[in-house]
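Okay, got some structures for you below.
Shared between the two complexes below is chain A, which has chain B as its partner in the first and chain C in the second.
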Partner chain A sequence: MADLTIFMVLLALGYGFGRYAELKHYKSIIRREKEFRDIPAVTTKFPPLSKAVDAELVSGSVVISVDYFKRFIAGLRNLIGGRVTAYELLLDRARREAILRMKEEARAFDGHIIFNVKLETSSIHKGRKNGVGAVEVMAYGTVLIKQ
Partner chain B sequence: MLVTNIEIIPGKRITKHLGLVQGSSVRAKHIGRDIMAGLKNIFGGELKGYTELLQESREEATERMIQQAEAVGANAVLNVRFSTSSVAAGAAELFAYGTAVVLE
Partner chain C sequence: MEYSNPKIPEGINASTQHPLKEFFLLTGGVLGGVLIVVVVLTLLADRLAVYIPFESEMQLVTRVTDGIPAEGAEPLPIESYLNGLADQIAAEEGLPPEMQLTVHYVDDDLVNAFATLGGHIFMFRGLLEKLPNENAVAMVLAHEIAHIKYRHPIRSMGRGIIFGLAITMVSSTLGNAMTDQVLANTGGVTVLKFSRDQEREADQTALNALYRRYGHVDGADLLFKVLQQQEREGEALQMPEFFSTHPLSEHRIDDIHTFQAEHATATDVATVPLPDQFVAWLIPAETEKTD
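== the complex of A and B ==
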């Protein structure tokens, strides 16, 4: 009985705080994406050769974890298969956040465009039973700075 | 030292290729951070401790790569890539590699 109570409390905490954190994060992501729209990040490898520019490596990374409730829901999903929306949203948040952090660094350099953007994802903190605990996403690229 | 992940720098010519340079760093997380991470696993959200830890070790890997490039007499490292792998439970390897060149 005590076990069940703890489990229910954890689920409720995870649902409440996790939902709140996710909504807040998405709001902040959308706001900052508008703010950084003037620094495009492109995956092209070859910059135009017309003008001499300075180049600098910039990167942004984030480690983000899913909450207890979503992990439970994802566990249930394992039984019937299909899309695991809980993890899709987690990865989406992580990637967009990493790109934003990279752009922040680019702005600090006064750059105007980021070339050859690469995204790298790794699961670093394994939860119990080898489930996904947290993912790390790193975005990196080369910012070009007008001379 | 110029470090980028593109292959050509507009306006600069490569005069000499010096081959691959690399740097790596293996880090383990400490117990305090693990406890915080455990809490975050319930509430969800960013694990700031881990973000910093990985950032630091990546900087160290890049630093080591730059040292190697300096040792061979390069003034730039082009086409840099990063990779992460977990070596053992609780430890991660951060690896950076690129091509050392001399730019005019």
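== the complex of A and C ==
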């Protein structure tokens, strides 16, 4: 019984804090996406060449941990299959945050557009029994700066 | 060429469904599924374990215990008495002749008695000290013999093995230690229900045997009154019935009283006293020697 109680508490804590952080993060993401809309990040490899621009490498990376609640749901999902929506949300947040940080760097360079954007994802910490602990998403690209 | 990053529509890459909805669907579905699988598997194991010959069960015990308690060792006087009583009760219960009973005396304060594989019954000093007459001792023995008659020990073992196997197979796909724990607890509660049914079955058989032997079942409820006393004094932890291996003592006493009401005894009932040396027999052999 005792371990079941501890488990329920951990689950509730995981849900409470995880959900709070998630909603707060999404609010911030949506606000900042609007703020950085003037620096488009595109995947086109070849920018229109012009001698009037400088180019710099910019990158943004983020590490987000999985909460206890998400890990539990994903564990049950492993049994029956299907969309792991808990992790989908986590990765969506991480990707958008990484792009935003990259844009922040671009703004520091006074850049106006980022070309050849690429995203890398990795789980940086394997939890017990190879469970996912935290994910890292890195976004990088080439920013063009008007001279 | 114009490049732009328009506002991203929400809910495409990530679901906008409330996470608790998924949580309840998943836990309900998976735990319900585990429950069904465990019930079906353990029922099968329970039914099939009866077909293991008693002889094999005895061989299994000899192999595991490696001759403990020592073969050929002189039985204690208390063991001779208990074995004699057990054989008479076994006859009343119609125990098949191939099922050999061996009653062991354990010099320990524990208020307990149990039957295990191979027809071995263990009686603890702590319990025997608290029983005032032969009828009460006979009730304990009759209850344990009934377990052996219905092959409860090997059926429990069969269920335990199947249950453990099922949980291990499920949890190996999960990779979350706590999820394993929840699954094991869910299944464990199911197994306890079987256990309680077995206790009730053993109680009823024991009462019938006592009724045939003494003509009444007076003194049969003493065992459970002792257990109840233990629970009240806090020496034994009382759990809600759902989480317990045994039915609540008060329910078991009620069942005995129902039995008494159904089987009216015409003659004046009297309990059989224990042999005079009984208390002396309970004293451990070592202290006897030093005296």
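Everything that follows uses one rule, which is that the second predicted complex is superposed on the first by the 145 of 147 C-alpha atoms of A that agree within 3 Å, B and C clash if a C-alpha of one lies under 4 Å from a C-alpha of the other, contacts with A are read in each partner's own complex, and residues count from 1 in each chain.
Here is the rule we use: a contact is a pair of C-beta atoms (placed from the backbone, for glycine too) under 8 Å apart; a residue touches a chain by one contact, two chains touch by 3 or more.
Quick caveat, the model's predicted, so the values are computed rather than measured.
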item: Superposed partners chain B and chain C on chain A - clash or fit; value: fit
item: Contacts of A:Ser122 with chain B and chain C, given as first, second, both or neither; value: first
item: First (chain B), second (chain C), both or neither touched by A:Met138; value: first
item: Partner chain(s) touched by A:Ala41 [first = chain B, second = chain C, both, neither]; value: second
item: First (chain B), second (chain C), both or neither touched by A:Leu49; value: first
item: Touching partner for A:Ser61 - first (chain B), second (chain C), both, neither; value: first
item: Touching partner for A:Leu10 - first (chain B), second (chain C), both, neither; value: both
item: Lowest inter-chain C-alpha distance for chain C and chain B in the superposed arrangement, angstrom; value: 12
item: Residues on chain A lying within both footprints (that of chain B and that of chain C); value: 10, 48, 68, 70-71
item: Chain A partner contacts - residues on chain B that touch it in the complex; value: 2-12, 37, 40-47, 50-51, 54-55, 58, 62, 80-86, 89, 92
item: Interface residues, chain C side, partner chain A - complex; value: 1, 3-8, 13-15, 17, 19-20, 22-23, 26-27, 29-30, 170, 173-179, 181-182, 185, 243
item: In the complex, chain A residues that touch chain C; value: 1, 3-4, 7, 10, 15, 19, 33-34, 36-37, 39-42, 44, 48, 68-73, 75-80, 83, 85-86, 88-89, 91-93, 96, 113, 128-131
item: Interface residues, chain A side, partner chain B - complex; value: 10, 13-14, 17-18, 21-22, 25, 45-53, 55-57, 59, 61-68, 70-71, 97, 115-116, 118, 120, 122, 124-127, 133-134, 136, 138, 140-142, 144
